[in-house]
Amino acid sequence: MSDTYGKHITLTLTGESHGPAVGAVLTGLAAGIRVDEPFMRNQLERRRAKGSISTARSEEDAVRFLSGVYRGYTTGTALTLMIENKDAQSGAYEAAKNLLRPGHADYTASVKYRGYADLRGGGHASGRLTAPFVAACSILTGLLRSKGIFIATHLAECAAVSDLPFSEEPAVLEQQIRSLNETAFPVLNDSSGRLMQDAIRLAADSGDSVGGILETAVIGLPAGLGEPFFGSVESELASLLFSIPAVKGVEFGAGFGFARMKGSRANDPLRMKDRQIVTSSNHNGGINGGITNGMPVIFRTVIKPTPSIYMVQQTVDYEKRCNAVLQISGRHDPCIAHRACVVQDSAAALCIAELLCARCGTKWQEDGAWNMD
Amino acid sequence: MSDTYGKHITLTLTGESHGPAVGAVLTGLAAGIRVDEPFMRNQLERRRAKGSISTARSEEDAVRFLSGVYRGYTTGTALTLMIENKDAQSGAYEAAKNLLRPGHADYTASVKYRGYADLRGGGHASGRLTAPFVAACSILTGLLRSKGIFIATHLAECAAVSDLPFSEEPAVLEQQIRSLNETAFPVLNDSSGRLMQDAIRLAADSGDSVGGILETAVIGLPAGLGEPFFGSVESELASLLFSIPAVKGVEFGAGFGFARMKGSRANDPLRMKDRQIVTSSNHNGGINGGITNGMPVIFRTVIKPTPSIYMVQQTVDYEKRCNAVLQISGRHDPCIAHRACVVQDSAAALCIAELLCARCGTKWQEDGAWNMD
Amino acid sequence: MSDTYGKHITLTLTGESHGPAVGAVLTGLAAGIRVDEPFMRNQLERRRAKGSISTARSEEDAVRFLSGVYRGYTTGTALTLMIENKDAQSGAYEAAKNLLRPGHADYTASVKYRGYADLRGGGHASGRLTAPFVAACSILTGLLRSKGIFIATHLAECAAVSDLPFSEEPAVLEQQIRSLNETAFPVLNDSSGRLMQDAIRLAADSGDSVGGILETAVIGLPAGLGEPFFGSVESELASLLFSIPAVKGVEFGAGFGFARMKGSRANDPLRMKDRQIVTSSNHNGGINGGITNGMPVIFRTVIKPTPSIYMVQQTVDYEKRCNAVLQISGRHDPCIAHRACVVQDSAAALCIAELLCARCGTKWQEDGAWNMD
Amino acid sequence: MSDTYGKHITLTLTGESHGPAVGAVLTGLAAGIRVDEPFMRNQLERRRAKGSISTARSEEDAVRFLSGVYRGYTTGTALTLMIENKDAQSGAYEAAKNLLRPGHADYTASVKYRGYADLRGGGHASGRLTAPFVAACSILTGLLRSKGIFIATHLAECAAVSDLPFSEEPAVLEQQIRSLNETAFPVLNDSSGRLMQDAIRLAADSGDSVGGILETAVIGLPAGLGEPFFGSVESELASLLFSIPAVKGVEFGAGFGFARMKGSRANDPLRMKDRQIVTSSNHNGGINGGITNGMPVIFRTVIKPTPSIYMVQQTVDYEKRCNAVLQISGRHDPCIAHRACVVQDSAAALCIAELLCARCGTKWQEDGAWNMD
């Protein structure tokens, strides 16, 4: 319950939207991991404002390492990165600072921080914090790829338009994952993508906003990660996913679809395939009893519509404690779901790295010669 | 990522389904909290097997305190409780112990624990661990009630039958919560309840099983609990909820329903009411930016159908590594959703107590005279 | 700051001296570690009251496993052990329960637990809690020995009598460590041991008590364990050592002797020996910059004299808030230092296991093929 | 076991001695604490190189806040501060970078970080990291003072010269503490101070170095802080104190002096004084059973002599794995003990703040009306 996630690998996010800088501190990395800065910039690019369906705030997001990186590799000590806030336009926020914006954290942060928080632009609760989050996690994403673990997220649904689902065919799924990580607008079916962007623009034209459902697939995980109960893979992933601003639901495999199934359909039968144990269906999303079973881990989140809309809204003046009306100006995304895909990928990478550390930490205790080199 | 939840208040669950005992260790309690044993037994009763729609294993669930309780009150030191396993019938499990039961953790636990786990009856991943969980959390539920915080869970949906939703009218919601905690079968509408039980029996008759959706409401929380990002109330609650066996999805407020909304409808307008700031709708489920806003906290989980069904299933023999068929015998619930309501209440109580400790821990730093007595 | 130690391996101690039982919960163990019960009993025997220099309370210390052990091996889930309190004589304590015993935790526990603690026999702060501590840690000691890591503690000083120091010759040190773990009274020089026991008996005869200094040596550790600053080996070990009741000082290597040295003597020169890097002296006790360097880790603690003495003492009546005199009866050790040696060994084992988990947890991130089996 | 200390209040130190910057991230602060920058600079000044007895590296130590501070007060979110490294002279270190300096962490860090660490100037293990440490803790020191808790450290012994001890008279002790925080060279007796500085210079003249013993007193603490066993005040303080580079021993109250005492002298008798319970002596240093008793908390650390001396030393060439000789050049303190006093004060402040959060966190559970505002 703090600004820090994790136990073996930890990530702390710092900064306010309109403060000097936003940043991240990552600990628990081994020494000698390659820090791929072009890849980091690429991940940040996928997160950033692009074209007419996203806002005009276009920070260059230049990442500066303050510690933990030397000659392109991690040193094994705490890694600090910082992104200076350059393109912050506080004027638009100052004008209406006592009017609580519905759907935002204005009211709750005012109560919690007793008036001392820097709430300009959403303050510490702002989506801007996802920039250092994505930057830091990119190191883990690269590390996982070098171990054969791949992650990708697509817009399963947006503005009521549906995308194709992930394939159940391993070779096809692998290709879909590869393509998604190279696609500008993260969908599996291009025409769905075009319909989605049309619907987003339509909402924008009426001063409104839309949300969506993101679906992530992870392949290459060994079986046996996670713990029953408190350390379940669902618990660990959901904990991070719900940290992403605007996420209001998380489901694994068939998810809420289980409510309409009988056990005879919900259960995933097991069978041998190429001397491996696999399941014939994957309703459980690759996780049984909180532990991975080797099948692709599949999960979905719902991203609520962006709260900042241009229509008139009923609200309260926090200082005067009376009813008021609000009409937001400034720059706001009509939809952030597509930008959130790389954030969700990042969350998955962080969580998996943490799970692998947990699994690895006890290996020295197991039978046989041990190697501490 | 372990057997322990929490940072300020911690709960560790121990034991295997067919081992000597299952237990819980609870730390972080102040001294002097009344330990209400009749209430604890009442909570365990709500969890236990009842009637024809639940299994016949009827442990008396006698709780024994080994530490932390003296003369009916907490001592302020670690509290240990233990429930001996008396009614374990290992025979039914022994017969087919190399056949991996689909939907269970047999395969994943075999990989993870490398053959050393006591997997009889589901071992440590068994739902039996929810007994000490409910027992320990009952102390927190009682404590929260004494502070005006009330929690209740109903079967929003089961076997495709829907219950009424929670009321948006505060006085009615309060009454609904009170009633649920006194009801045998946790629904708001009795006829829905009867239809559900009919559907469950129908599934049982065909050797199958069904799942459901549980909905929880929490009232009486102050605004300002939780932290943006990693300490968000959604993250904290979801982490615990996904620890409950069979939970495969968690959503807050409108949840996955947000995917079909526009921002103009999704946003909850704010207004003054009796000199308090409230919202006119509650799509955000009482949480903004990860922090409570004072409105009822509403969330739902999906419980997948019980994996143990009596129909023939395709599986694998773990020892021989070949395909096989399995037909389970023994005692199995056709549905556990109704029994899970008190488990979900318990999880909510534990999480809220943890959030309150976090909030409280910094109060001494705030301006004004401080009181350490 | 709780009842629990550790992050990767965790140990929670539970119970009160005169409550139903004292216990320990150990998490973070891999599956498949042999649980050597005869060795555990042997360790408890070393801790227990023996002969005329120790008290007459002679619990059989029968350990019962409630979870985490199956057919003689750890299951990989939380391990719970319990020792029932059988030989508790509460009468002696009841008589003078409002008189605060000097040097004990009576006053501080009364303030902290606001009157609700079970303080009979010292309650939760009692040395009795070292029994489950030693029992649980014995599993780790055995595990470490199987990896070539050996630990032993001797009474460096007791009642102003000094023992020989540990040898700087590796082969001799190894033999000394082996012998100490088989010795009844833990000294390197038998005549020092006899003098110490004489001095202890002398103090007992006058109704008084004495303390001592314990010195521990650990061999077989790889270099590279621990972290600079907060994760230093000294920090981790001291944290546990100061948890042992009666420990009031901890020093590493030359310790407080450094105050009288110059750098030219304090520094340990490095040299090659059999293609290994070693130091010619070991003033730093095997630790540089918080990280092990491969040399034996040497540290000392001071055990204060047992507070329970039979002489008349000035004190306060806690209920009446007035001055009073106290004369303790009951059974009390004139010295506990010799019994504390196995407790100190146990603490070292727990800490080292934790450090190894931390080191191991990041190995999967390092270059080269990785093996998750 | 990481770069982070604490559970309620956490502090993470980042940076390498010759990297871009050193920094600190502090979480767990309430909103609205005044950030006193002049006081922070004053604390850093006390730590810095001064005059002929300290090195010539004189960083301006300009602190820049990147997050968590707004208009002079904490925001209640993660606080990041950064100090750019400007006066780093890497040349002197580069020349002999394969020669392991005795007494330093060169060898251990080379093993641990497998060659990837930036070890120039000591890298992450450098004493330079105490600068952000002192800066961050200054906020806590100020906060504690506003609650009537005062801390000060003096050089109890240095280069074999002794200072006067802290007074046992409360009014005198209070004055001594006040004076120490305003003194350039932290001693209670000025002539002892002059003798110490002479002895330091003498050692410097011969190219050698000396160490010392620091003694800290804390007044104003309530009774009841800390927990028996793992959360003992000694454990918590020692954990932090041993994080300070060069600390090799920690003792409380009479410390190692207990080894020569009998219980009749070691015990602190209790008595009433002005309706408070106090002890007539304070051998236990204000702590019983790991819990504060309201008396001044007194502890001492030993600072080993600075390892960097100008004399020729035997060592090993790490790259060639052969014996070698080393003669260090560059700028090195002949003694750092006097500069470490403010570091030890800082550690005490951090630990106490953490203990108060722990104590405070459960207050809402206690009987009576609760106030969440």
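Read from first to last, the chains carry the letters A, B, C and D; within each, the first residue is number 1.
Basically, a contact is a pair of C-beta atoms (placed from the backbone, for glycine too) under 8 Å apart; a residue touches a chain by one contact, two chains touch by 3 or more.
Computed from a predicted model, the values in this text were never measured in an experiment.
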Remotest chain, chain B as reference, centres from CA atoms: D
A-D or A-C, whichever has more C-beta pairs in contact: A-D
Inter-centroid spacing, chain B versus chain A (mean Cα positions, whole Å): 26
Approximate Å spacing (C-alpha centroids) for the pair chain A, chain D: 39
Distance between the centres, which are taken as Cα means, of chain C and chain A, whole angstrom: 45
Residue numbers of chain A (touch at least two other chains): 2-4, 7-8, 13, 28, 32, 77, 112, 114, 124, 224, 228, 358, 366
Of chain C, residues touching chain A in the complex: 7-8, 28-30, 32-33, 77, 143, 147, 222, 224, 228, 353, 356-367, 370, 372-373
Residues of chain B that touch chain C when the two form their complex: 2-4, 10, 12-16, 19-23, 25, 27-28, 31-32, 64-68, 70, 73-80, 82, 112-118, 123-124
Residues on chain D engaged by chain C in the complex (per definition of touch): 1-5, 7-8, 11, 13, 100, 102-109, 111-112, 114, 124-125, 129, 157-158, 160, 203, 208-213, 223-224, 226-232, 234-236, 238-240, 242-243, 245, 247-256, 258-264, 266-272, 275, 277, 279-280, 283-285, 287-293, 302-309, 311, 313-316, 318, 321-323, 354-355, 358, 366
